[in-house]
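Working notes, beginning with the structure itself.
To keep things simple, chains are lettered A, B, C and D as they appear, and every chain counts its residues starting from 1.
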Amino acid sequence: MAELTYRDALRSALIEEMDHDRRVVLIGEDIGVYQGTFRVTADLLKRYGPGRVIDTPISELGFVGAAIGMAMLGLRPVVEVMTWNFSLLAMDQIVNNAAKLRYFSGGQVNVPMVIRGPNGAGVQLSAQHSQSLEATYAHFPGLYVVAPATPAEAKGLLRTAIRSDDPVIFLENAALYGMKGEVPDSDFALPFGKAAVARSGRDVTVVAYSRMVFAALTAAEQLAAEGIEAEVINMRCLRPLDAATIVESVSRTHRAVVVQEQWKPFGAAAEIAMRIYEDAFDQLDAPVERVTGADVPMPYARTLEVRAVPHEADIVAAVKKTLGKD
Amino acid sequence: MAELTYRDALRSALIEEMDHDRRVVLIGEDIGVYQGTFRVTADLLKRYGPGRVIDTPISELGFVGAAIGMAMLGLRPVVEVMTWNFSLLAMDQIVNNAAKLRYFSGGQVNVPMVIRGPNGAGVQLSAQHSQSLEATYAHFPGLYVVAPATPAEAKGLLRTAIRSDDPVIFLENAALYGMKGEVPDSDFALPFGKAAVARSGRDVTVVAYSRMVFAALTAAEQLAAEGIEAEVINMRCLRPLDAATIVESVSRTHRAVVVQEQWKPFGAAAEIAMRIYEDAFDQLDAPVERVTGADVPMPYARTLEVRAVPHEADIVAAVKKTLGKD
Amino acid sequence: MDTRSVKTASPRDLSRDELAASLEWYGKMVLARRFEDEAEREFRRGKIGGYLHVYSGQEAVAAGFLSAIRPDDIFFTAYRDHAHAIFRGAAPGAVMAELFGKATGLAKGKGGSMHLFDVAHGFYGGYGIVGGHIPLATGAAYALRYQKTERICLCFLGDGAMNSGSFHEPANLAGLWGKQGLCPIVYIVENNQYAMGTPVERSSAVTNLAGRFSTYAIDNERADGMDFIEVRRLAERVVRRVRETGGSYAVELLTYRFAGHGAADLFQPYRTKEEIAQARSRDPITILEDRLRAAGALTDEQVKRVHADAERAVTEAVRFAEESPPPAPEELYKDVYGARDEDEKTGTRDRGNTGTR
Amino acid sequence: MDTRSVKTASPRDLSRDELAASLEWYGKMVLARRFEDEAEREFRRGKIGGYLHVYSGQEAVAAGFLSAIRPDDIFFTAYRDHAHAIFRGAAPGAVMAELFGKATGLAKGKGGSMHLFDVAHGFYGGYGIVGGHIPLATGAAYALRYQKTERICLCFLGDGAMNSGSFHEPANLAGLWGKQGLCPIVYIVENNQYAMGTPVERSSAVTNLAGRFSTYAIDNERADGMDFIEVRRLAERVVRRVRETGGSYAVELLTYRFAGHGAADLFQPYRTKEEIAQARSRDPITILEDRLRAAGALTDEQVKRVHADAERAVTEAVRFAEESPPPAPEELYKDVYGARDEDEKTGTRDRGNTGTR
């Protein structure tokens, strides 16, 4: 076990995989000379050279697509998008090529690649730079969608992602890069499609992923002070979705709250909640509550922005609502 | 009242709005000389000239973005995407500019534009050409998302769309273009955010939109033969979503089935079902059922394709499940 | 645009090699043409669904280039891809079976006309989004050099695709990478004058499409695409250079699509019958036939045999496609992901791709 | 790349008009520079959040062009937009208030540094996705001609943006529309040598960026962007032409960003201190100052006053921003849609935009 930041956990996964497997190449904007906007790739250019750490022009569609081509020929590219917002420019490549190539080629090619970068709101980055796109990508079969919350998950899931034979949407979070945590040293990897119980509790199940896991844990602490024991489930992965772990929990707590940062309509919480209803309807003593961001483009002003994203207090309130204590 | 095809209903909405309002311009690939891939714009080039019916190169991002710029300056462009699949290339323009400009400009500009074209699977168009992208777009605030099922809706909603001061994602369906129906003659428009009861019934509420409304109606006929009376609700519009009409129905039927053509995970049915749970949990006697397409890229072979999209029989089975008759 | 505005290199004697290749490829071109005619008929008979885009008229382009590369070279193209597959060695039956949506099809019936794949022969598809394959081909070329091979990549694209960002962004990458010898790719613009109903003059502000590559430091040239022998000479020169340097290169070949854009393009309001007739007077198959005859290398007898062979092959392909079974129902759920559930659960197994770890 | 590799037109006498304009714009450039310095300080003080990209070093580009257009002309730019707003007449206080996220900001505090808008002065924003505003500007130019006005549109863009499909696709449209006199736009490439940490040589296969426009039939030229007077002369010529013809035009102006890419770009590992120092030796403000002094039009006294005025204006702007209230909480939900509920329900009311029905 070593204590690493989320950033260094990611970086060490890259290094270990690159050391072992020459097929792994990195590609993205300013990941080399500039050391990466969030320094996840710091010093890797020096370590692996420009043939493996490929700085690109500003052309998301072009370099994401090129990475798909590399993957089709047997490389294992890890693409950095400076933020996921910019991936919308490459959406066609991601969903029409990466996600579908194995299928429409009748299994003749596959696309072992990872696209990674920060997802979600930062601090006052305004409407174009604050989107959380997990629901958008998780809709498309052929993709894996992963959203680690802790440094250990960052490392363990990134290793699995790099070893995956199919494209992985790897959603990091800018607010988490500096967060520290224990990371196992050995050949450590975490499976896709397996959620974790981040905190045990008997009264209500709170489901979250990425940064919202920590909001949920804080809320759980506050609730505990009032005698309410929340179980917090960290999804880790949205496609495939580990409904079993949630359902098992709900079958004990009989109440559930699903938290997401993004806009409520057609967001990820709807799918997660539906899976609860589909598999545990009879177990529920109250409707599943959704805690989400405001249904507006992200405003710049900090005073508005704080109102646009969900907070501990919103989770606490939702939990109480499921318990009839509102 | 006149009997028109869905195609001609759309075309007549374009003509009436263009005759009245010089700000309305059409832009897209092969909409002029070629008459439109689905002939919705047939003869309009001759009628309005190349300045108003603008044939473009294959550059979805470019011309969708240009239309946004036109709209910012006071025109009312109606953009044709040859199919919605190609809109993914313009996704950045649609969600980062069209949807958000009013907001991040602090209300100084708005984007009165319509993007229209066929959405969903055709017949054997394979994985890249068969997507149904309503959930993808309906997630983003700042957009309207409309999906007419009948010729009257096609006309009435397109007129409202053209008169809207904000961008409208207008989802047509290739299978419907040839369908005939009564269309009111007068200055007829249909509001956004208002669902219609396509068939009344007391036993179960079946919610659908676009082409799936007809599958639901056929299923309802079959069910009626067995003595089960399904109420069919035609959503017409996904953003905003008319939950009130659904909830009113469910509070009478106590059971609901939601139908969508596309992949189940993170699809539109999850949101619609969640709105039922949120507003009518206590009214439900059974879990809400989702009827959806298979969670795979669309295969080419017709034998597989028919298995990939939902059918009447699936709706019938889901209804029976909610009634405990499966 | 008149395809003859680009000067055809003057005919000269054919070398022995060229003669052999020309005879072989004459047969292939006749086969491809016959295949396309049949595919259109099968489409009208309802045996083929979806979109169907035939290559008739453009054969010399793909033939010229595919005759000039090595067996381990690779290529990508758009949806007008039947001839490319056949030229490269796919069995016509497997191609027809794909169009029929059968389990024996090149892509198991899952891709259809627009998504032919034959990776065993270096054919990496078959794409339906205009321009969408260009980034892939560019990255694939990079991978070939990264793997320290001498293999090269061809990327066929249409004139219409040249207006898409999907062309420009990778072209710039190819320019940057090619300078470092890291991108052995030839972009082959099949300028058949139209993108559906839109002629080049109305879709590209500058109609010299080859010139667009200059702005990415990719050397380029423009040539007639109707004469197999000339295309092949050009291809051999270009391919050799790209293989040696690892740099990118581009050619624009002027050609013409004899049929409608797709099987649904019946009225063709965007061009005249006269224009089509004039273009057909420069049929690439006739041009090659004439050159071979002029060289004394092709007799009436042989021509007849080539046509009969093609006829037989296509009839056989249709029979094969007809008689083949549809994909098994469970194929619906296969090929979405490669990993089986157990692998996903453990997450640690290396589910290796083509390389070795 | 050396900005001096492009020849500066030889100094000549300034006309009376030019002299007046130069004095006025000298003041504006000093004000903008002072504003940016202060913005960086306020960022460090935590008064400004998010991203902050200052324009210091590039002032002559926007100043030269914005001094040459009419009040009803319009323009678009990216996120490096403070100076553009101030040059065009926005109150520095309203700009600073926007950076502070206050209700009195140019965009009510909703847009921030990257999304300044001042439509009353023809400023159509302020965009954060690199290249994303280029299609908008192109369509806006079309709309201006469609409406039969003589107004024109300027589109500022960075060297980095030139590699994006968001540049290429609309440039081709502008080429096509411009030939018909339907696209009065000037693309102004602010080549400040870098896109974040990537120099032009590593991002563009061909570093003559102006040349890229030739491939879209858009006439273009390349010039030094450090000398206000020369930029303005160029701008007047180009703007007149575009207004008269309705055709598109492009200029690449060689300039340099003195500060980091954004306020977070502290280490700048991609360039040397020496390089920055050398570039600073051609400060556009000093160049203009020198030219005005040489023309006998600027005294030490005046220079002092200009600086004092700028200081006062910026101090006042900060005070205004500080004292302004934040947006009302309910602003969160405003400006998402324009229509109120009733309108949505009826669907028939014409909620007219800027035109008339």
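Heads up, the rule we're going with is that a residue touches a chain if its C-beta (ideal position, glycine included) is under 8 Å from a C-beta of that chain, and two chains touch if they have at least 3 such contacts.
The model shown is predicted, which means the values in this text are computed figures rather than measured ones.
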Please tell me whether B-D or A-D has the greater number of C-beta pairs in contact.
B-D
Which chain has its C-alpha centroid farthest away from the centroid of chain B?
D
So, what's the distance in Å between the C-alpha centres of chain D and chain B?
40
Need the CA-centroid distance for the pair chain B / chain C, whole Å please.
36
Distance from the CA centroid of chain A to that of chain B, rounded to the nearest Å?
30
Out of chain D, which residues touch more than one other chain, so two or more?
107, 109-111, 115, 127, 129, 132, 163-166, 168-169, 172, 176, 202-204, 336
Residues of chain B that touch two or more other chains: which are they?
56-57, 59, 61-62, 85, 89, 92, 96, 103-104, 126-128, 141-142, 295-297, 299-300
If we count contacts the way the header does, which residues on chain C are in touch with chain D in the complex?
163-169, 172, 174-176, 178-179, 202-206, 211-212, 214-218
Chain D residues within the chain A interface of the complex
49-51, 98, 101-102, 107, 109-112, 114-115, 127-132, 160-161, 163-166, 195-198, 202-204, 269-270, 326-327, 329, 331-333, 336
Chain C-facing residues of chain A, complex
20-23, 25, 51, 56-57, 59, 61-77, 92-93, 96-97, 101-110, 112, 141-142, 144, 156, 159-160, 163-166, 187, 189-194, 240
For a test of understanding, state which residues of chain C touch chain A in their complex under the given definition.
74, 76, 105-111, 115, 117-119, 124-127, 129, 132-144, 146-147, 165-166, 168-170, 172-173, 176, 182, 334-339, 344-351, 353-355, 357
Once bound in the complex, which stretches of chain B touch chain C?
29-30, 33-35, 37, 55-62, 85-86, 89, 122-129, 294-297, 299-304, 307-308
